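Order of writing sets the labels: A, B, C, D and E. Residues in every chain begin at 1.
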Amino acid sequence: MEWHNITDPASSELDQLAERYRIHALHIEDCRHRNQSAKIEEGEGYIFVVLKVMRLLEDGSLHAADLDVFFGQEFVLTVEEEQCPEIRSIISQVRNAALPMRRPDQVFYRVIDQVVDAYLPILDHYSDRIDELEDEALESPAPETLSSIFDSKRALAVLRRVLVNTRDVAGHLQRSESPYIERELWPFLRDVYDHVARNLDTVEMLRDLLNGALDVYLSSVANRTNQVMKVLTILGTIALPALVVSGFYGMNVKGLPAAESPYGLVLVAGVMFGSTAVLLWILKRFHWF
Amino acid sequence: MEWHNITDPASSELDQLAERYRIHALHIEDCRHRNQSAKIEEGEGYIFVVLKVMRLLEDGSLHAADLDVFFGQEFVLTVEEEQCPEIRSIISQVRNAALPMRRPDQVFYRVIDQVVDAYLPILDHYSDRIDELEDEALESPAPETLSSIFDSKRALAVLRRVLVNTRDVAGHLQRSESPYIERELWPFLRDVYDHVARNLDTVEMLRDLLNGALDVYLSSVANRTNQVMKVLTILGTIALPALVVSGFYGMNVKGLPAAESPYGLVLVAGVMFGSTAVLLWILKRFHWF
Amino acid sequence: MEWHNITDPASSELDQLAERYRIHALHIEDCRHRNQSAKIEEGEGYIFVVLKVMRLLEDGSLHAADLDVFFGQEFVLTVEEEQCPEIRSIISQVRNAALPMRRPDQVFYRVIDQVVDAYLPILDHYSDRIDELEDEALESPAPETLSSIFDSKRALAVLRRVLVNTRDVAGHLQRSESPYIERELWPFLRDVYDHVARNLDTVEMLRDLLNGALDVYLSSVANRTNQVMKVLTILGTIALPALVVSGFYGMNVKGLPAAESPYGLVLVAGVMFGSTAVLLWILKRFHWF
Amino acid sequence: MEWHNITDPASSELDQLAERYRIHALHIEDCRHRNQSAKIEEGEGYIFVVLKVMRLLEDGSLHAADLDVFFGQEFVLTVEEEQCPEIRSIISQVRNAALPMRRPDQVFYRVIDQVVDAYLPILDHYSDRIDELEDEALESPAPETLSSIFDSKRALAVLRRVLVNTRDVAGHLQRSESPYIERELWPFLRDVYDHVARNLDTVEMLRDLLNGALDVYLSSVANRTNQVMKVLTILGTIALPALVVSGFYGMNVKGLPAAESPYGLVLVAGVMFGSTAVLLWILKRFHWF
Amino acid sequence: MEWHNITDPASSELDQLAERYRIHALHIEDCRHRNQSAKIEEGEGYIFVVLKVMRLLEDGSLHAADLDVFFGQEFVLTVEEEQCPEIRSIISQVRNAALPMRRPDQVFYRVIDQVVDAYLPILDHYSDRIDELEDEALESPAPETLSSIFDSKRALAVLRRVLVNTRDVAGHLQRSESPYIERELWPFLRDVYDHVARNLDTVEMLRDLLNGALDVYLSSVANRTNQVMKVLTILGTIALPALVVSGFYGMNVKGLPAAESPYGLVLVAGVMFGSTAVLLWILKRFHWF
């Protein structure tokens, strides 16, 4: 078994190998165009698989790099579409594995297994992020929270699409009775399929939680408006009777009741506080706050 | 028939039994990793089933423990993945059942039947919880209500996934004509399937009700804002004419009408109350509140 | 043909009949547990059907009672699971029908036809209720409207589930080539299926309308808040210039312009009304209300 | 070929024809009950089709009338279930067509083609109506707009159901290899199917647009509340400093600063305008409006 | 191989060619009616495909023009349904391609490949537009933003429908074993299918983003209302104590405390500022803003 690893898809080495293994021109073209979907195609004499290696960038966004694998009866050809440390590490881990691999399908299984295993920490990252966002939405809803919720939504949409396509790849491998995959490997491929399917379940749950966080955000904002309105109403309730009464006694009109009496001030202040108290009691009584 | 029960999946006893019954290495690995999905897999010489035993923790959250069952022509092997009182009680109830069980498939049926029966009280708990939440949302919407709604939503999402997978397990058993399940047991497995399907219906209905509770919450908040606004408007309506009139008569300007007359105060007070009454009547007339 | 009707599922008569007609123990158990789903199961020598008879209680809520029917080559066995006037009336109407029924499948058809016919007035009730709720939501949205909307939603969810299961029963009868149903009866069973399917369409439409009523409710509340806000703003707009001007002239400061002049009051009042008018004109001009 | 057209489904003529062509009693019953769904059923010796003829009433609501068609080897029987000008015009147009029709399936194709063609102007009507509603929702959202949106939603729901059923009728005709439809007619029936499917696409798009109009409505209302709030805040911002300052100088307290000075008034007015200006500048500065 | 290109579907040339290649009358009719859906139909002796060529108009709206392709064993017939620069350019590019095309299916592949390639820049346009709209919604939500969001939604709905139909065309070509398509071309048609499917994924993602932008818009508006309310409350909080105190001391009542004292003013001013400070502190303390 020969394993060729190409680190530059533009190199002429790829052309030579394509000719040697009679690889279809469209498949080689796919290697040279980034941003393919994860997919599996059966060529004549080989199977062609595009895998997506996900990476979390430092600004929290998600980057997907393409890793192409061709394998037939006697060869494996892996193409790293871009210089990406995650792809590097996957390839070298499979290369240096302690277990001897004598068949191309074993190599392929190791590669896809590693690629799929690498999705888990990314899901964990978003799971933690969403927990934070939920707390933020409940306790201090700010426009930035909203932006972050939508950024996570977008990243999960990308992730979901990659996982759906990868699941289809694993499902196809399970079903197809390709001559290049030995029967003994079937339970292992099923295991990969189950992993991806479980990841997909997790993504769906995270999406649900994000939608929940959005609802929490919106209702937190509504709640706060509500609180602010109540404060305003209570302030108004406290102040208005006093203002009305003092306005009344501030008029330059003759004969204001009790204005000349020595107990006038006490009476007037009593009316002020009394009417405020009655107003507050009425509002309380009818459950207005 | 031999029934082995392993309470520590890490023990070497499991390895010995795996060797004896030729259990696939991936299945033993599944027993040693928690948080598998409920699933059924047909190995060579046995059937492997992962069941999820649900437990309500004291803080109201939901915990799922894995119970693995292998059964073939002449043996049953159950693996308790963690020390969980619910799993304990299920195993011992099946062990001590009065009825003699002579076939592995009978043991398996008893186990899955117990596991599924244990879902019902959990559903009842959430059904009651949602009733409480609806009342809370309608009568005293607070941010905690919202948190509780989302906690229940999350728990139901987990429960739903477990039920969907368990239903698939029961459905597979019903369809597959496995040599390890006698025909006589079929109606009983169908009964288990129906139970799970009915539970799933209930979960869907509970999810709908939760969404309803969320809508009630949001509209209660909106309603309260509305109420508060009306109070503010009524207060303003009552106070403003008085303030305007008293402001007018408070001016240090000569020739305020009727200011010197003995009936001045009565007139002015009449204008105050009159304009307030007219304003309230206008608002009422045009259905503004 | 013999027709046995059991009005108490706990009676020993049921056990005797079960033995006589070799009915599976699980089916008899189903008769003794209420709240089964509508379903059909083919036993050996008979068909077992659970039907749901719906009843509107006086408080407007919906109650579903179970009616079990077993029928084989030469017998019909109906079990009324609870004392329910609707079930009573259906059984006696079929019993006393003018047409002679000589075959068990004919009896069964009459029973299911009556059960399905009884769904129609319930649908009509909810259709009327929803019309009322829509009007209420538009004209006088109150928290009770919201509660009623969610009560109807819940009732329709229950109804929908019963209809879906009943449709599956009718669909199964149509497809299955059971020896206990004569070919001649097929178009009639298809007719039952069509009825249920049409009812189901109606339920879906009613659910849509209820969601619409909820939207109307929420936007009515938002609209009212909006109205109230406008009133407040107009009031503020009218009062503020007067308050500012009268406050200005109320100051104990020397040299207030025109304060000593005989036309002072006219001037000041002119400024008050003028500035209010200008403010209202500006707001109108920029379409602020 | 004979073509019978019945304009009163209650007439005895229908019974005679039913007997002559051996039409199933349930089908005749269907003709006599309005509000059937569009459907196709294969009887013995004939095909029975229920078509829905849609009509826009003057108040903008939608009315559906049933047109039943039976056709076999040598006859067509059409039943107009109610006196409806649209059905009248369809029947007479097909009757008076220039092209000779010698086969029942040709007559049937003409009828269904006309019925389906008549859906297009109705869709156009709703398309225009929705455009109007969108504009209304954006520019002058009123509760009537909301009512109209929901009326259109309801009409489209009815229309959608009719179209789905009619599509199933056309799809059934395409698939079934009925002896009463000649092969030559197949492309024409496929054409009818395509028409209905395209109409259905349009209905889905219109429903989407209506939901959009609802969102526009709700956000227009929210926007207006927002606007009104801003006006109120600006008014408050302008008035409050003046009120506070004039209140201060209106106090009957000795030693008000600059109260006795000849420049007092200028100073006080300066403070009033100055503090208002500073307040407005602060609000502007922090982007509060 | 002969390739006929018709630029005016109304011309009699089309009729002559239809007669020559025995094209079904319904297909020719389709060429003469604009606004067909993209579709594929197998005629006798040829395949008929309707393709939709999309164009961005200057006002940002989307226009779809129909391009019809007929191809059989020995001929290609393309019909440009309207004068559209995009169709023009596609036809001439395929015509002038350097590679010799000797088979009709090759011509057809080139045409559909070009049509599909032209969708990409349109998707990019909307992707950019949505980014802009998101920023606008977050930073300066205006009713125009809302209109633009709904315009884009509508355009994407149209685009999605075109893509779904085109995908079905490509899928049909892949599956059908038509005699007019050589096996060698299959991987290329699969490539077209993959392209369209990927475009469709992108459209779905864009639709999700648009819905997100709508949510952002609505919550931005709610947030702003909230902000404005807070400003109003803070203003009220600052002013009310001062107004109440100054109103109190503005009363023409005897015995106002400290009114005659030389420190009166300082005391009164102290009470004013003090009560404002206490009020602000209370609001802050209870997290009211």
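Heads up, the rule we're going with is that contacts are C-beta pairs under 8 Å (C-beta built on N, C-alpha and C of every residue); 3 or more make two chains touch, one makes a residue touch a chain.
Remember, predicted model here, so these are calculated numbers, not experimental data.
**Q** Would you pick out the chains that touch subunit B and also touch subunit D?
**A** Of all the chains present, those in contact with both subunit B and subunit D are C.
**Q** Which chains lie in contact with each of subunit B and subunit C?
**A** none
**Q** Taking all residue numbers at the subunit C/subunit D interface, are over half used by both copies (same) or under half (different)?
**A** different
**Q** Using the average of all C-alpha atoms in each chain as its centre, how far is it in Å between subunit D and subunit E?
**A** Whole-Å distance between the two chain centres: 23.
**Q** Would you mind pulling out the distance in Å between where the CA atoms of subunit A average out and where those of subunit C do?
**A** Chain centres of subunit A and subunit C, defined by C-alpha means, are spaced 36 Å apart.
**Q** Using the touch rule from the top of the page, what residues of subunit C touch 2 or more other chains?
**A** 218, 222, 225, 229, 232, 236, 243, 247, 250-252, 256
**Q** Across the complex, what residues on subunit A touch subunit E?
**A** 24, 26, 37, 39, 41, 143, 146-147, 150, 153-154, 157-158, 161, 214, 217-218, 221-222, 224-225, 227-229, 231-232, 235-236, 238-239, 242-243, 246-247, 249-252, 256, 258-262, 264-265, 268-269, 272
**Q** Could you list, by residue number, the parts of subunit C that touch subunit D in their complex?
**A** Subunit C residues touching subunit D: 134, 138, 187-188, 190-191, 194, 197-198, 201, 205, 208-209, 212, 215-216, 218-220, 222-223, 225-226, 229-230, 232-233, 236-237, 240, 243-244, 247-248, 250-257, 279, 283, 288-289.
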